[in-house]
């Protein structure tokens, strides 16, 4: 479960049928100050997230399948929440 | 299973229902001397941890679901213990 | 779920029988601008991908087994889609 | 499955009941020459390992649960063997 | 699923019984040109691999257990194939 910023949608014509009807968003992991950390990943949206939103993303297949109620889907990452703010002071 | 320091709570209004009633804490992985290593992650609290605490965090969905007794929840990371001290001398 | 560019096929004579009949492609993870990030991995092709294609790759065994309908196969990574474009502007 | 050196025990009073009766050891991943690589992790001991030992550690929940015969335990990492030596010459 | 080069065997006297009868090999992940990338890991051999061989390694418990037909074994990584060559030109 990581903080990420939505970069934008990924468009694919040839794809596994499990992705039909899902929005695929490219996400950039960020730290508590909004700085980029690590590399992009693609997640299925489950929180009506849009470009620029800070989100809570999960990268685990069983979680994704349960959240999306698709028991057999080959989906690993999804967006579980849009984050309002993080209450952190780091020295 | 890693050592981490709790940075503070993450506040999200739009979220997956499985997170309702859980405290989401942003955590910074640390080494045996308390130095930051690697990037932040978000965990569900299961040990009454507070800001600044050193904790033992698990990042595996099956463990999180079993610890929280939510068989179907899309939750991957949780805080399993508050650490008192680590008995280590590193040359 | 990550963006990757297909580098080319991997040829192995001595291999686990589960790989028979599958194309193994070496993939380079990339970011939203097509720059290399992280290290190569090998994936089973499931989208008729070819050398140089940008693809959406999954690296999770349960997803791979479900997508390939091989419930017991020791396969972890596969290519789920050929990506047409990514709608992202990063400042 | 990685090589690691045991740094020492982790002491936690407030913890998930699944950890009761288990020794938690802080481990440092090492390479074939004993040099530190990557960051510390915490593992449940299953090989009577002590401070300074070179061990084979597994970081996968299903393996840990099966080795410890605790089907539902939220445990991810454990020490599976004490390593005598590694037969490697690296140029 | 990654490319790796076999460094050599790991010898352990005190070990979990699931490892009895298996050869444990220390492996170095490599890229498409044979250069070292990332850190060593230990894998159970399933392809008669020897020191210096280029192999296809899997690091996922369910795959390892299915390939080795040990449903309950605490084994995560194994060698699935000896690679003959990789058909890649990288500019």
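Quick notes
To keep things simple, chains are lettered A, B, C, D and E as they appear, and every chain counts its residues starting from 1.
The rule is short, and it goes like this: a contact is a pair of C-beta atoms (placed from the backbone, for glycine too) under 8 Å apart; a residue touches a chain by one contact, two chains touch by 3 or more.
Everything numeric here is computed off the predicted structure, so don't read it as measured data.
Hopping across touching chains, the smallest step count from subunit A to subunit D is 2. With each centre defined as the average position of its C-alpha atoms, the distance from subunit C to subunit E rounds to 19 Å. Put simply, the C-alpha centre of subunit A and that of subunit E have 31 angstrom between them. Multi-chain contact residues, meaning those touching two or more other chains, occur in subunit D at positions 60, 62. Chain-to-chain contact here is organised cyclically: the chains close a single ring, every chain touching exactly two others.
Starting at subunit A and stepping first to subunit C, the chains sit round the ring in this order: A, C, E, D, B. Remark: subunit E residues 7-16, 18-19, 24, 26, 28, 39-43, 60-62, 72-77 touch subunit D in the complex. Residues of subunit D that touch subunit E in their complex: 1-3, 29, 31-32, 37-38, 46-48, 56, 58-60, 62-64, 66-67, 78, 80-90.
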